[in-house]
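Could you have a look at this structure, given as structure tokens, before my questions?
In order of appearance the chains are A, B, C, D and E, and numbering begins at 1 in each one.
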Amino acid sequence: MSVLTKIRNTMERSSSPDYRSENDGMRSYLKSDFFRSMPFWLPPTLLMGLFVYGGILWNFVLSLTDFSGVVRPEYSVSNFDFEMYFRMLEDPSFWSAARNTIVLLVVFTLVCLVVGLCLAIIVDNLLKGQGVFRTVFLLPFALSFVVTGVFWQWMYNPEMGTINTLFDIVGMGFLGQDWLGDPALRLWSVMFALMWQFGGYAMIIYLASLRTIPQEHYEAAKVDGAGFFKMYWKVIIPQLSSASVSIAVVLMVFSLKAFSWLYVVFGSNPGPAADILGVMMYREAFAANQWAYGAALGTVLFVTTVVILAPYLRYQYKRGEL
Amino acid sequence: MAQLTFDDVRKTFQEGNNEIVAVDDLNMEVRDGEFLVVVGPSGCGKTTTLRMVAGLETITEGQIELDGRSIRGMSPQDRNIAMVFQSYALYPHMTVFDNMAFGLRESTDLSEDEIDDLVTETSEMLDIKELLNRKPSELSGGQQQRVALGRAIVRDPDAFLMDEPLSNLDAKLRAEMRTELQRLQEEFETTTIYVTHDQTEAMTMGDRIAILDHGELQQIGTPMECYYEPANEFVAGFIGEPSMNFLRGTSDGGVLRMEDFSYELSQSTVESIGSTTEITLGVRPEDVEVVPEATQTNDVAVEVDVVEPFGKENNLYLKPEGSDTDDTIIATVGGRKSVNEGERVGMRLPEEHLYLFDRSDGTAIRHPTVEAEEITPVAE
Amino acid sequence: TGNGGSGDDGSSGDDGSSGDDGSGGDDGSGTTTLELQHWWTDGGGAVGMEALQEGFQEKHPDIEINDNPVAGGGGTNLQAVIRNRVLEGNPPSTWQDWPGANLSDYVEAGVLKDIGYIFEGDMEENYRDGPLLSARAGNEDNPYVAVPLNIHRVNNLFWDISSVEEAGVDMGSISDPNEYVEVLAQIDDQIETPALSLSMAAPWTVLQLWSSNLIGLYDAQTYQDFRAGEDITSEVEAALEVTADQFEYVTPDAGSVGSDAARLKLPEGNGVMLMEGDWAAGNLFAADGYEYDEHWQHMPYPGTDGVYNINTDGFPYPQPNPTPDATDKWMQWVGSAEAQRVFCDPKGAIPCRTDVDLSEFSPLMQEQFEDFQSDTGVLTLAHGDGVSPQQGTSLKNAMSRFMDNRNVEATAGALMDAMTL
Amino acid sequence: MIGLIASAQATTGDLLTSVRESLTRANRKYTVAAILAVLLGLFWVSPLWGGISTAFKTQSAFINTIPLSPPPAGEVTIQPWLRAWETLSPSLGNSLIFTLPAMVFSGVLGSLAAYGLTMVDWRGQVAVMATFIVAIFLPKQGILLPLSRFWNAVDLQGILSSLGYFSLPFAHQSHTTLLILIITHTAYGIGICTLLFRGYYLTIDHDLVEAARIDGAGVFSIYRNIILPLSYPMFMVVFIFQFTQIYNEFLYALILVGGSDPSAGAPITLALAELNSGFSQNWNNQMAGAFITAVPTLIVYVLFGEQFAKGVKY
Amino acid sequence: MAQLTFDDVRKTFQEGNNEIVAVDDLNMEVRDGEFLVVVGPSGCGKTTTLRMVAGLETITEGQIELDGRSIRGMSPQDRNIAMVFQSYALYPHMTVFDNMAFGLRESTDLSEDEIDDLVTETSEMLDIKELLNRKPSELSGGQQQRVALGRAIVRDPDAFLMDEPLSNLDAKLRAEMRTELQRLQEEFETTTIYVTHDQTEAMTMGDRIAILDHGELQQIGTPMECYYEPANEFVAGFIGEPSMNFLRGTSDGGVLRMEDFSYELSQSTVESIGSTTEITLGVRPEDVEVVPEATQTNDVAVEVDVVEPFGKENNLYLKPEGSDTDDTIIATVGGRKSVNEGERVGMRLPEEHLYLFDRSDGTAIRHPTVEAEEITPVAE
């Protein structure tokens, strides 16, 4: 009883909440979720918007001019045209770069998902050392493209490189290839290296997602008579779909960044077999002094990715996760 | 310290193009210091009602008044109401002390010393003083529950709202905490609304029970009223475990004709029925008598379909002889009453224990007429 | 040494509108900082650059040098930085670049200063015509805007003597690229070592090979016609075909080795022939136990005797200039015989001036220098002297497609289209 | 006697059963997984291992040994490391100076934005969120020019000096550039940070926020007292992610710093390019340089990889 | 269709350096077609036992035999045993149909048509035919439970294992599914092991109950045996709700001395005690009689501490007068018996309902002596 009295007494001394009228229009506006949340999201949105969308818009305007990179462009509507976009249509470099970009975006993402999934399943089934292997597979993710580019140039070196040397050692030297030199292999070699770098990322997300699948699902499948592979293929993997989607999105971001890797390994002209829009854009802008053309390429690249992204956004929205 | 009035309260949710009515024209009063238990089937609007009181949900129509002042449009932090969540919602990164102190720090201008005093004393009362420096994750379910209570109590709110606070505990702990909660509420006399769907909690804890269905209030009354004088068929069926047996019948003069048998009613009962013909007869399992053979009027020859032994009692599922439906009538008999499945016995429904409902709208037209037996002599 | 120190600060007034932004602190403060950007961070270039800077500091102790290299990307990184800085009106004092047509965009934009006053007299007299043209950004109508520093010859052939002897080849007898291909075939036939060391990782090496083939099959004039954008389809195609023929003899890793690694194939014993600019000699000289004239030899690329395919390095003079005074002094220094002597020797190039003391230079460079005196000079396509950036990029694009698809017809079209840009 | 034999038989029977048991599918699975993990793990580290052993080899050992073999005795050298360290060390500080603040700012702003867009029920949030997600896919080559033009127009140097910054004892000219890098990386990092935080906040029990509201806390207090402390695991993820992304970034630094002069604020990635551009491609130096550059991120991963793994949520 | 024998089964887990004994020397037989309910407090090894049968856990020592064949070392898919999980473990990405068909596809070589037939039939029987094309997330809890059952049934396994299959359902649904499960098991006569910690389920569903504690089997017998003839104090306390009242006493000649009162025993009882002196007296709440006043020998004057009304009955917490402990004795009386907290009444513990336990090891030394009352005449 004394506690009760004490609480009551203490509380009485403290200021009791004052009841406000409810029909104060301004006040209820100030209380609206929109207004209350604004201080949190508005400043980041403005900062991001200025740099990202400001930049993209500017880039788009540039693509309408014929700015070469040395003489300041003239921003007047009368000068604007879509010439650069038409030029793109006739440029074989554009088409090969565009094709490679899409291939990279799609194939690399898929390959990486599969590899990440396999790694995750393997690590998940380890009795010991899960942490160690998780770190090992994730390590390359920490490295810069500048670094991994150098590593892989080295791995792929047809004479001294690790890969061909390994083939030699196991007596399968005939499998050795000029991995980066052969146009037929070049893009695949690039993707393989990127897979090495980002497989670990896919793995770690898959692992997290595997952990959310109740143990009972594995056991139910076992009791139902499914073997190891059937269990994964039919019961577990289908449940990873939402993780796959989100990993795919991040991987696509990385595949866009593959610019740096290609640039380190091949310089600004990787050849039609491995050229991508990002590299081409850079080459046109800085090596060829064709800024407006580069800008047009940039716009196309951005729009393309947004188009590819749209289904994801819709999917997330429908799942209520957007 | 506060009286809550619900005045034609209505709450709808917009779901796509559909309007979902969660609470419909709710009128009730929670008296100062009362412990009101709200029960009802899942989705009947219990949680929504609580959330409107707390200010977590806007009120679509009507008013909720706290001590006569409308709290509509007031933000939760201005209402001085405490809520205990089903999930406890303890702040996982704060110690028990900080969990309890948080509300005081946020909504009062007490000094840190005063807060310290209050929290310590409250924790003593709840027997969680040694836990003050632990994190919620280091507590057992029952301890977490206590902390959640403590967090509410320490603020001395005008009203407590509790949404199935015990449902995450196991049976033993639940029984313990039930007693604890009752004790505390009696001590504090703070107006409390308590949502549950546990029969035991509903019957034993509340001063009164409010039964909701489809967002509508069906009855509000003491546990005994709800049990023995249910307002309608829904309440009668909802309160009590096993559920009341319901038999559809037609009143035909002094006789109630059921599908499988007839029942002759006494004059007083016939009067209470009046002109209603479509009747539902209700009888609680513990009131069904099982006799060796159907000998008296109104006795029914039945076959024991299933026996559910509980030790202290058995539930018998009785099937009137010649019945061609699967419907059975449940009778609860003593645990040592030996009866086997398939046996033929007599079933007796004592008229003084019968409930009758108007089938058209479910309202009760007759309650049992037996009086309570006193254990001790009336004059003490 | 540079004696034409007449042009002083006042001349910066002729850049009109922009004037001197003064942020570099050219006047007023005691010391001036000259910001130099370049991509010579390794090999002979780095040694030469160091010597160049040391020489300058000796002469001008009051001027500090801010050595701000931008390495990587085969110079593209530096290009990117410079383009951007020039556009911002915030260029460094000067930077390393390929003079010649490579600078034409800058000239057009008026961001390079007319430095005729620096060339007047001594430099104009002692510079060869080729570099002087490059100093005018490849066009006689332009003013002088850059000071070329050194000259590389692009059309060279290096070979490993012992391999050649083993294969029984007489190098002196090769008079044109077709015969050269036959020789490659013979080597391929006779010995294990791959006949041709070629880097095909980036298109510029193949571009310079093709352009040498064009000269070798025809003559300097055909090459100039190509540069002028004339339709010489059959010649271009013929040169492409020869180039494609040569691809048959390249080392197995040609597609991925860098140009430097390709050069090292000779001392490593993994390649016999190397068509490269004379900078490659630097790598060969540097190889342990691999001596000129004993282990390896050099001659102009078959059929290109008498033609000197010029690639120069130099320093453009941007305006507005953060340090006009100091930049003037740097330009004068770079244009001096002394500077070119200290730089060109380690760099493995010949100087742009005729009056440089070459006694310490390698015999090979001395030979090159002699050739240069008599040869027809043509400006390179694979680097900067002979093409604008856009042309150069398009040529390389075409060539990189060619490496992948070997489509002679399409490539010829693309090459000639590039020169009309 | 017979009993003894019987019990011996029973024992062997037990033994056999247990051997058979250990070879059941369940156990085979662990063995196969272990073997695969080791093989793949070896492959995964082989580029790193090859790099590291190369960096310790003399030129002749480099030519004469296979890439994966460790340097033979007597052919070990630390020369490449010295050379690489000499080139890289002056820039390492710059990298850290802008990476750490940019990492913190982008993380905090992302967290704020995600909170604002998640915890409050406002219909427009989906649209705002979409702009954040789309922003993640910005091709950075495309905005290099606008970016440098922007920073040219904003005279940060002037602003700083008018604020008297350069009279402070620790001030340095390069700080302008570093500040530019900080702001730039922050701005471009907000998108991914917001996305990551939002995914996390959606999983936080909404009851907590409601409990806090009933306890009398306003939106700011809820963020400060409830959300922020709960975000710790996600901050680990975001920080690690951002640290590697920003530290490893090359293009913005190239354009915004415009040179590899450490005293002008050049980061380590620009210095590393210097090692890689040699006339004679010197693998030993390059590998050593690659490792030195990677050291901070590797440390971060090895130390905090566990938290990263725990915190990630798709 | 199968008989399961546990033969000295032992299961230990290695946790760091500790060896946790989850199941200790378990010997029991589950008869062909029997429904065995396994109960026991949390952590007693119920789940582990089931999982060993399913093959999800290896057996540390001993044998489990299915129809005389040891299944030790056999992988789960070879055992032809179906398991129903507490969480149902329905595959969320598959339709109900596919969920049910999965086991058939994996472990039989039936054609798709046959599978289709089987699934459809089973689903009809379980009344979930309309749900076949839905995903589990679109089902209510009860429906999910049915699908989980269907998935097990459709495979016609040798044995069903069920681990608290109803615990996620609300009370009403649980009661419904309980009946359903019983009906199905009777129909199929498949050997079933059913783990629960719900008293009602334990008492009503099983042919026999096995009670585990700390990994050891305490008793196995019919529900009535376990209720009326518990093997020891643990079983007596575990079965029955509210729990049996236990009173510590010392046997002193013919008198049992408790803390607050003494109890005179009859000769036959004294004999059954023999020389044991440390005794625990047990009495079930429903056997405690409450009388207006303590009048007879062995009656105890008590105060009513708390009354818990449940409608059909009240639980009274009785405190012997003069007791200085907080211990109370619970008595269950009829719902209409009117009694108030604080009243003084008499408590009578009829000797024929008493349980006596040897306090040293808890074994029962005397069970109630009352016989079952027959409802129908013995001769039928």
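By our rule, contacts are C-beta pairs under 8 Å (C-beta built on N, C-alpha and C of every residue); 3 or more make two chains touch, one makes a residue touch a chain.
All figures in this text were calculated on a predicted structure; none of them were measured in a lab.
Visitor: On Cα atoms, by how many degrees is chain B rotated relative to chain E, nearest 5?
Guide: Here the rotation carrying chain B onto chain E measures out at 175 degrees.
Visitor: Looking at B-D and A-C, which one has the bigger number of contacting C-beta pairs?
Guide: Answer to which pair has more contacts is A-C.
Visitor: Return the distance between the CA-based centres of chain A and chain C, expressed in whole Å.
Guide: 40
Visitor: If you average the Cα atoms of chain A and of chain D to get two centres, how far apart are those centres in Å?
Guide: About 14 Å separates the centre of chain A from that of chain D.
Visitor: Using mean CA coordinates as chain centres, what's the chain B-chain C distance in Å?
Guide: So the centroids are 93 Å from each other.
Visitor: As a quick test, compute the distance in whole Å between the mean CA positions of chain A and chain E.
Guide: Roughly 54 Å, centre to centre.
Visitor: Listing for chain A: what residues touch at least two other chains?
Guide: Residues 227, 282, 285.
Visitor: Please output the residue numbers of chain E that touch at least 2 other chains, ranges allowed.
Guide: 75, in rising order.
Visitor: Hunt down the residues of chain C that sit against at least two other chains at once, touch-wise.
Guide: 73-74, 80, 87
Visitor: Can you tell me which positions in chain A touch chain E when the two form their complex?
Guide: Those in contact with chain E are residues 214, 216-217, 219-227, 230, 234-235, 238-239, 241.
Visitor: In their shared complex, at which residues does chain D touch chain C?
Guide: 63, 144-145, 148-149, 152, 254-255, 258-261, 264, 270, 273-282
Visitor: For chain C, which residues are in contact with chain D within the complex?
Guide: 37, 39, 41-45, 66-74, 77, 80-81, 84-85, 87-88, 90, 92, 258, 260-261, 264, 268, 279, 282-283, 286
Visitor: Which residues of chain D touch chain B once you look at their complex with the stated criterion?
Guide: 205, 207-208, 210-218, 221, 225-226, 229-230, 232
Visitor: Within their complex, state which residues of chain B touch chain E.
Guide: 41-42, 170-171, 179, 197-200, 203-204, 223-224, 227-228, 239-242, 284-286, 290-293, 306, 308-313, 315, 332-339, 343-345, 370-377, 380
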